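In structure tokens below, several structures.
Look at the two complexes coming up: chain A is in both, with chain B in one and chain C in the other.
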Partner chain A sequence: MTLLTIKDLRLSIGDVEILKDIDLSLDAGKVLGIIGESGSGKSMTALSVMNLLPQAAQRGGSILLNGEELLQKSEREMNAIRGREIGMVFQEPMTALDPLKTIGHQVAETILVHGAASRRDAYAEADRVLERVGLPRDRFPRDRFPHELSGGQRQRVVIASAIALKPKLLIADEPTTALDVTTQARILELLRRLVDEDGMGLMFITHDLAVVADLADAVAVMRQGDVVEAGPTREVFRTLAHPYTKALFEASSHVPPRDPSLPGGPPVLEVSGVVRDYRIAPTRMFGPAGAFRAVDDVSFTIERGENVGLVGESGSGKSTLARALMALEAVQAGTITLDGKPLSDTDLEARRKLQVVFQDPYGSFNPRQRVDTLITEPFHLLGGAAPRGEERQRRIDKALTDVGLSPSDAHKYIHEFSGGQRQRIAIARALIIEPSLIILDEAVSALDVSIRAQILDLLAELSDRLEISYLFISHDLSVVRSITDRVLVMKSGKIVESGKTEDVFRDPQHPYTQELLAATPSLERSMAGA
Partner chain B sequence: MIRFLAGRLLSVALSLLAASIIIFLVMEVLPGDPAQFILGMNARPDTLAALRTQLGLDAPPLLRYFNWLFGMLHGDFGLSYTYRVPVSELIMQRIGVSLPLAIISLTLTLLIAFPAGILAASKRNSLTDVGVMGVTQIGVAVPNFWFAIILVYVFAVTLHWFSAGGFGGWNKGLWPGLRSLVLPSIALALPQASILARVMRSALLDTLDEDYIRTARARGLSRRQALWGHALRNALIPVLTIIGLQFAFLLAGTIIIENVFSLPGLGRLIFQAIGQRDLIVVKSVVMLLVFAVILVNFLVDVAYVAIDPRLRRRA
Partner chain C sequence: MTAPATTADTRRAGWLYQALRSPSFMAGAIIAGIFVIIALGSFVWTPYDYAAQNIPNKLKGMNAANWFGTDQYGRDVFSMILVGARTSIAVAVIAVGLGVMIGVPLGLWAAARRGTLLDEVIMRANDLVFAFPALLIAVLITAIFGPSATNAVIAIGIFNIPVFARLTRAAAISLWTRDFILSARVAGKGAARISAEHILPNILNTLVVQITIQFSLGILAEAALAYVGLGAQPPIPSWGKMLADSQTLIALAPHLAIIPGLCIILTVLGLNLLGDGLRDIFDPRLQRGRR
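Up next is the complex of A and B:
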């Protein structure tokens, strides 16, 4: 029977139309995947069901839950429905829990606020629910606080608090996007199990087609506040009837065209025996300080024009290694040479050969500076030799043109650009000083798939044309596979496997690499299994 | 927890030691003869010499410092030059006025600021919010001594509810003493309460936008329940910082307010001692005020740990 029926749902915030005539339906015991890029309205659809919208929001149309019209419920009635009839799980497990309350309390709260049990019974039930989501009491005492848990464990607590009263509908808004692949696989498994056991309906919102391909019984593809296509998952993915679905599908498995030959010559980067220790505060007053080895005897080289991928989960040491390469932190042992010169934080000549592009296109620019000031920032590495006047202008124009923007963009502020354009500006900032190596630290992870495909094309083209090498750091294996020549797999500070990208992906040797690949959702695999 | 307390207490002791060194250096070692300063320019040489001996100024500075320090540890603050009584006796008398004044003002500050801040935040952008923000804006802008004068004019001169100044003393029972502290406490508290209410409001609004509030609402908590159950405690962390800072301003405020209301408190004592160049009293009272501020900041630190589990380390 139909659990949730959304009909002609309209939503506007102020004068802005967010959703136009959304039609969706979900049966009990089934999973509906809602796919869309940022701004498609997928989260707003979920929040409309919960009625947790911003204040100026206006809803129209109809949302029926088990035949009851939610749009006509008062705020008081909705309070009784949220948590009891509908549970919701959000994207950011790190901030989704109150840092000052114990995990036991936050799960029991769902039961208590609905007056479903006495205080004592609520805590006992919370204990059982936490057990059910994979947090046994002996390892996770219920008086633990959120900061004592990892991201995946916190997401389990959020899920427990959402399902404590066995709601009929569970809404999960990008619940695994912030998690590592192996953690993601376990959370997806958990959600599927809960749906099967409780006969709950699950509305699963994601930007990642591969994730829903395995999980969802039916999917709806959203774009700019509209559902462009909906139907059973396999059918939608096999026929790709709508051009937008097709474009999304192609963009997610996009492989940029690359020139496989390398220009040769001496390696650009040589890393040999690098060790990075962190000091751990002593456990006793005046006691000895401990040490944590974040990077353990790492060696590798990158050839001119070569794209090398560095993959690993959070805590594997890949970001620490990147910081050491950027000479932001001193290493305890080993050498790093760039174009034959040892790298140090005082040697500007060596440092100008290496630039970096970070993940967050929104946070990595000063909002009060114009684009020309932003992208000429690396010029300080040239000291007195920094280009001025016409030469500076020429370099700005060239860098912007190289990344597919126009020279006239130089006088704009960063807020005038979209996420993809900002990442182009970040690449322009790295290019302007003509480096030999660019570290791309999750540089495309925050981008929508269609934008991501464009940026990957741009990166491939720049690497071929300007003979630039990349160290491509990412947790997203499919992206690494599409753009790199060679890949390094990192775990617990060590490189456990390295080799040609295709070889490693086709025939992984190390158990950890095998585990990573198995956990990575793959469109091809789920389509092949159909 | 015990290690944390020990660490904080050690830092309290070190801060007090550092403060005592600075106070001593400024008062006694920097160029200028304290005896000459106390007696004025026209003092006779033999009086000067006598005072120097009495103040122990003949001894080397290091010895004088340690004498002062160990004296204080035993409750011996020396003899006031103008009053001719032990400074400790003066302080004990005056603290009976200043301590209740500080406690009442701080309590009033909290009693006004918390409800006002919470009310404004929970009804964001409503008429109530605008009203609270407007009133507190005035409260922040008006200096407390001017406010004190207005209070005296309205409640003492016109309505005769309270006396315009002076202290009833505690020996005649609680009410006469308390009654003379009402207007001064209000004058001290209102500007501080205005600041704190605004801080409370913005801290609450910030936490109400946090992800965990949305999670709590998704569990079925009403807006009100989420505010009381989750937002308030999280908002207390920045608010506590401000309370700690405000206490120092409150102490500074007592110097002015005690003068406006002619209250025989520490503020008035130090004010008069400065006027009478009674360096021995000034030195000791400044040290005492430093101690009060450091103590309150220690309590704020302990409160942080009590509120925020992230600051506690699991043994």
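Up next is the complex of A and C:
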């Protein structure tokens, strides 16, 4: 039976048309995956159903929930529906919970707001719901606060408060994007189980095709406010009838072409026995300070032109290791040498050979400087030998051309560029000083799949042409697989497995690597299983 | 390489163009400019001697001979306003300047060394200063050096230091966690250089707004100090002192309160508008929309 029918849904904010005649339908007990890149209107579709749109938004068309028209409802009527009939789970579990309320209270609140039960019953019900989402009372007392839980546990609390009143429709907007792969796998499992047990409909919004391939019964692919293709998941993914679906599919499993002969020669980076301890504040006054070993006796080398992946979940120490390599923090033991020179905080000469590209294309530039100033920042490492005048101009032009931008972009400000272009500028900034090694810290994680494929191509091409080595830090195993020659798996500060990328992915030895790989959603695997 | 140069030129021309086109910047600049001209002009010309008493002609309303009327001693209010502008504006500008000059670098320094003993020492010292009201600082200074406008400036300036140090540190600390700061560190830049190149330009917004607020508070603080006899000494007038002196006569001669009050309001308004305009002009993100 059809639970939700969206017909000819139109949405505009001011003069801008956001959604154009969206048609979707969802049956009870089924999962509808909505796939799209940023700006495709997928979140706006969900917010239209909830009527949580910005003030200036104008809706048209029809949204039927169990045969009832939602578009005609007043704000007061919608308040009764939100939470009771429709639940919603957001992307960021860190901000979706009130930090001052206990987890028991957050869930009971949904019940209390709708006057569905007395205070005592609401808390008892909250208790049962939390139990259902996998937070048993004996291990997670109900008076815990959100900051005492991990990201995945918090997302469970968010889900619990969304399903507390057994809504008919659950909308989940990128609920696992902020989580580690193993946590993601468990949350997806939980959502599927709840859908099956309660017979509710789940609208699952994501940019990741692999995630929905396993979970969803039907998918809708959105682009620029339009549904370009919709149908049963397997059919859509098998036939790839629409060119955009096909392009998305190819971009997600994109492997950039590489020159296999290149890696070899003298090592660019040698890390041996590196230890990084953090001091922990003493638990009692005048007590001894504790220490937390974030990186524990790590050794590896990277050869010229070699791309090495470093994978691990949050808290595994990979970012700490990266910061040690950038010589931003002193290490407690071990040595790091770059092109044969030991790396130190004060020695600018050794640091010339190393550059970094960060994850967030929006946060990694000073908004008040022009592109030419931004990308020439590494010249500081050259001291008095920094190029000036014509030579400086030539280097700027070359770096921008290398990353596929035009030299005239040098005089623009960073806000004039899109996310993908900004990441190109970040790469230009790393290239301008002609380094031997670039650390790519989740450098493509924030990008849409099609942009990500372009950036991966660019990185592969640069590595081959300029003989640059990469240390590719990522939690996304499929990306690491596509671009690296060798991979290091890190857990609790130690490298637990390393080897040729293909070997590790095909035949993982360490149980942790096996667990990681099993948890990673894979398009090929779900297609094969279908 | 002529093409990029022309782009840069048009952008620089665009800066002035924008300043001229920004209504709040222009309005603010005109108002603030008038008061500065008045203050400077008073050195050369005032209609009467600001200190000359003429008791028979006391408490006159506005008229052709005394444009803004006369006070209880028959002094010409217009002349007093002109001369008072010097005191009030100078006190506020210098006091805020003192706060910015010392407070902002302290805040930047503390933020750069956040979490260390140095940070603690700087900020706790600021707390200590902040704990004393400006009035109390003024009393302390006056007790040592004697009352004068200079000492009022120093007292208000000292009071301004922790205001700017705290604001700067808070704004700077959130910037220190950003990736572009990390990338500057990777480029080998030191804390001082990063503070000047990356941190300061990005907290300018906040500082400009606070400067206009502190400026108006500065004029009022001078009035308060003058009122208890710790500011400019008679017969040198200041707007705040004129306002304070007028209060017993408010029913008899309201113009004595209204005129200096209006002057203070207009100056503060002008500076606020100027600050808003400057903030918009210096933010590259807002340039495109206005073009």
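Note that the second predicted complex is superposed on the first by the 528 of 530 C-alpha atoms of A that agree within 3 Å, B and C clash if a C-alpha of one lies under 4 Å from a C-alpha of the other, contacts with A are read in each partner's own complex, and residues count from 1 in each chain.
Here, contacts are C-beta pairs under 8 Å (C-beta built on N, C-alpha and C of every residue); 3 or more make two chains touch, one makes a residue touch a chain.
Here the structure is a predicted model, which means the values were calculated and not measured.
Residue contacts after overlaying the shared chain place A:Y123 against neither chain B nor chain C.
With both structures placed on the common chain, the touch criterion links A:G87 to chain B but leaves chain C unconnected. In the superposition on chain A, A:S161 makes contact with chain B only, while chain C stays out of contact range.
Look at A:D360: by the touch rule set out above, it reaches chain C but stays clear of chain B. In the three-chain superposition model, chain A touches chain B and chain C at no common residue.
Of all residues in chain C, those touching chain A in their complex are 1, 3-4, 7-8, 11, 178-180, 182-189, 193, 197-198, 201-202, 282-285, 287-288.
The part of chain A that touches chain C in the complex is made up of residues 326, 328, 348, 351, 354-356, 358-360, 363-369, 377-381, 390, 393, 407-408, 410-411, 413, 415-416, 426, 429. Residues 3, 6-7, 210-212, 214-222, 225, 229-230, 233-234, 307-310, 314 of chain B are the ones touching chain A in the complex.
On the chain A side of its complex with chain B, the touching residues are 50, 52, 75-76, 79-84, 87-88, 90, 92, 95-101, 109-110, 113-114, 145, 147-148, 158, 161-162, 285.
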